[in-house]
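By letter and in written order, the chains are A, B and C; residue numbering begins at 1 in each of them.
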Amino acid sequence: MTVTIKTLNDLVRPPTAADSPMATQEYFVNMGPQHPIAHGSLRLVLRLDGETVRQVIPVPGFVHRGLEKMAEHLNPRQIIHLTDRMDYLSALMNNWAFSKTVEKAAGIATSARIETIRTLMAELQRLQSHVLWWGVLGMDLGALTAFLYGFRDREIIGRLFEETIGARLTMNYIQPGGVMYDIRADFAAKVKELIKYLTRVIGEYDILLSGNAILQERLRRIGILSAERALSLGCTGPVLRGSGVPYDLRKVEPYGVYDKVEFDVVIGTQGDCWDRYCVRIEEMRQSIRIVEQLIDAVPEGPHMVMKFGAKIKIPEGMHYGHLETARGVLGVLLVSDGKSDAPQRVHFRSPNFNNLWAITAIAPGWRIADIIAIQSSLDLVIPDIDR
Amino acid sequence: MDGQALVQAVIGLGLGARNREKVDRPALEVSPENLPALAKRLRQDPALAFDMLLDHTAIDWLAEGVFELVYNLYSTVHGHHLMVTTRVPRGSPVVPTVSDIWEIAQWQEREVFDLFGVQYDGHPDLRRLFLEDDWPGFPLRKDYTDEDMLRLPK
Amino acid sequence: MGLMTILAAAGPWPVKTVAARAADALPGSLWLSVAYMAIALLAVAGLVAVLGMGLIYFERKVSGHFQCRLGPMRVGPHGILQTVADTVKLLIKEDIIPQKADQAMHLVAPMFSMAATVLVLAVLPYSPVLQIADVNIGVLYVTAVSGLGVIGILLGGWSSNNKWSLIGAMRAAAQIISYEISATLALLAVVLFAGTLSLAGIVQSQADGWWIWRAPGVGLLAFIIYIIASTAEINRTPFDIPEGESELTAGFHTEYSGLRFSFFFLAEFINMFVVAALTATLFLGGWMPFMIGGLETFNGVMALVPPSLWFLLKTAALVFVLMWFRWTFPRLRVDQMMRLEWKFLLPIGFVNLTAAAVLVLFNAYFFSGR
């Protein structure tokens, strides 16, 4: 079997006269890696015919730090540091994904308090992530004020995290065996205040952007992704749910205390950008609902069942764990040879990496401005793509 | 279908699948030649209906001289998971592509090609993904050396 | 009506614009004429500088407060000197011209944008005694000259040798040329009412009431169309597609830096002022105070405020509205913007113009005559 290996230059070639029957030329432009769309360092090579996009060639790798290679030389507690830095807007959920894989592999049982705290923190972080996504979407589409409102609210939640966890971005909080620090006595009161504030403010955001005719024109019927295509393209999270597939790991394979709280899985109907937008807005409300149910019902117990210095013994074999982050399914494949502290192989099934591929399927035929809208609605965080 | 019943059902299809030990979920092993046929059957059989390729990656077993390619499948219809693995020799790692069955495989296989050097026969656009097109070597291999970028702990 | 013209006529010197003085002095003494022209130039240059600094500071403060933050606070009390600092920075910045750019066009492009703006500043009636030149074809002149701005954008985008700039320039050309038509149709309605193209004459014709409410419905509709079309003319959100920040980096002025970038930048802000001033002149009575027929004490108090302050207040209110648009709305896509113009604004504008003609024919105004 001979396999041909290509390079980027093979795809990006200067246009020739034979390209289009209307005697226009197609041309290539680079969107990124440096671009005012503050998504991160992602390079999208667009093949354009006037304003219409014919092909999108994503070129990731600008934030590739080799986390998986690093993880082969670190013990599980150290790997948690690496997971923070993938999808940094869902850092706690990344921590949790790795922790739960290690706990399942090593047979560590956690307490109900630990699981409740983890669920609470994860939902608060989901709120934080979605609020920021909303702001960035507003900025991408031209409503710059939305960006500042999104960041303001992210700061408020971040301050809450800082008081308990000590960090605002790279949390390193959920470890195998529990959480690093216990929640404080005033945590519940502060969260309740936050919920009151957020409920009011999300209503305002609905009036400001969701009800705006221009925004709806920019998002409705744009970038339609059908359910079958979304499944085949490996999309998960709000992208998949916006196309109508009710796949939410919190309901399908509950972890934490998700099976003890009531919330709805939000799905869209058409799979356009507007559906993905509405799914995330409604998910914010569902997250608030979950937090309201849990905040007064945190059971007593230890916040960490293992001693910090204790070695974690992972038996030989392949172990897999996954959970639903703000952007989709984050899976962790942990391969251990049973002897050394560091795993033989760690692989992160990152949601953003798989969601990115959808843009090559959705984009052709739309205009440049629609690519921006589509990319915003996919809600990509670049370090997660590159790891 | 739950774990063991699923594995037995797929083995019973007679497409060369064997049980793969030491995995915490239903897992099979198959040889590279049988992979496309098995994958197609897994996708299209209504009792199995694995419509999502959640993950595809590789593991470098330096001591045994093989790459083990891992495919994590999920069915939204039935709600069951299955892991399919295949082994290729490190010396000439060529395996047929499954990108005609699950579109996402095209992207995931490029990542494995970029980081391990596994070549996919029939892949429509096999290029490196994260690294430059002319990068020497494949970083996630256990025997990868790079004086500037890689310093292993003693 | 009578109060303002009476006041003006009773002043110690005759009301005569600088341009008129220059023209009168020309056959007699060349130097006097040139002196008057120099005064006019200085006045416009001063206006540009002051307006530029004021408007940019205003925008930063307004945008800051909309975004729940304070805006510039450090440079000078409440950040008043911020724009001075920014101007100094822009002036001493390196002027970069890309190597493969079309050098001559690249140098000249910002001048066109600036020229278009400045030429209109010269004909606005700031008060009954303050007007640099009163062209008797005022509205026609304004429409023609503001079209020069497109050339600046097109040249800038083309000469930069940058695909993104080119896309921005092409979009700008389509946008500005389309919306000029709607803007002109709205202006024509007012010209029909006033019976004159001269801007000073249009202001005088509003002595019985501002055209926005004196012409039943038609004036208001023309005002709305004019505001929308003008926002598109000056490339402000929701029509800032040519420099769509999140798409095209900075659109047609990506490759500009230093002084010549500041020309584009200033031109945009002063365009905003010009548009607001024109709207105020045509629809809101220019320098005329707000009076209600019959309330003599109220009118007396209103007349105490100097007319130039009235002009400034009305213009400032409209500038605030334009800034409000920018910081609230997302931006339209190119084809949506074109569709808005050609399929909505233009037909409405035509119908409005016909209705205006009918109004004029039957003299069917509110508060007519006194």
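Rule of thumb we're sticking to: contacts are C-beta pairs under 8 Å (C-beta built on N, C-alpha and C of every residue); 3 or more make two chains touch, one makes a residue touch a chain.
Quick caveat: nothing in here was measured; it's all calculated off a predicted structure.
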item: Identifier of the chain whose CA centre is least distant from the whole-structure CA centre; value: A
item: Most distant chain from chain A by Cα centroid; value: C
item: Whole-Å separation of chain centres (CA-atom averages), chain A against chain B; value: 24
item: Rounded Å distance between chain A and chain C, as computed from the means of their C-alpha atoms; value: 46
item: Mean-CA-position distance for chain C and chain B (Å); value: 64
item: In the complex, chain A residues that touch chain C; value: 27, 29, 35-37, 51, 138-145, 148-149, 152, 208-209, 212, 214-215, 217-218, 367-370, 372
item: Complex interface listing, chain C residues touching chain A; value: 63, 66-69, 163-164, 167, 237-238, 240-241, 244-247, 249, 327-336
item: Contacting residues of chain B [partner chain A, same complex]; value: 21-25, 27, 51-55, 57, 59-60, 70, 72, 76, 79, 83, 94, 96, 102-104, 106-108, 111, 115, 119-121, 123, 125-127, 129-131, 133-134, 139-140, 150, 152-153
item: In the complex, chain A residues that touch chain B; value: 1, 3-9, 11, 60-61, 64, 66, 68-69, 73, 104-105, 228-229, 231-234, 236, 245, 247, 252, 316-320, 322, 329, 331, 333, 335, 344-345, 347, 349, 353-354, 356-357, 361, 386
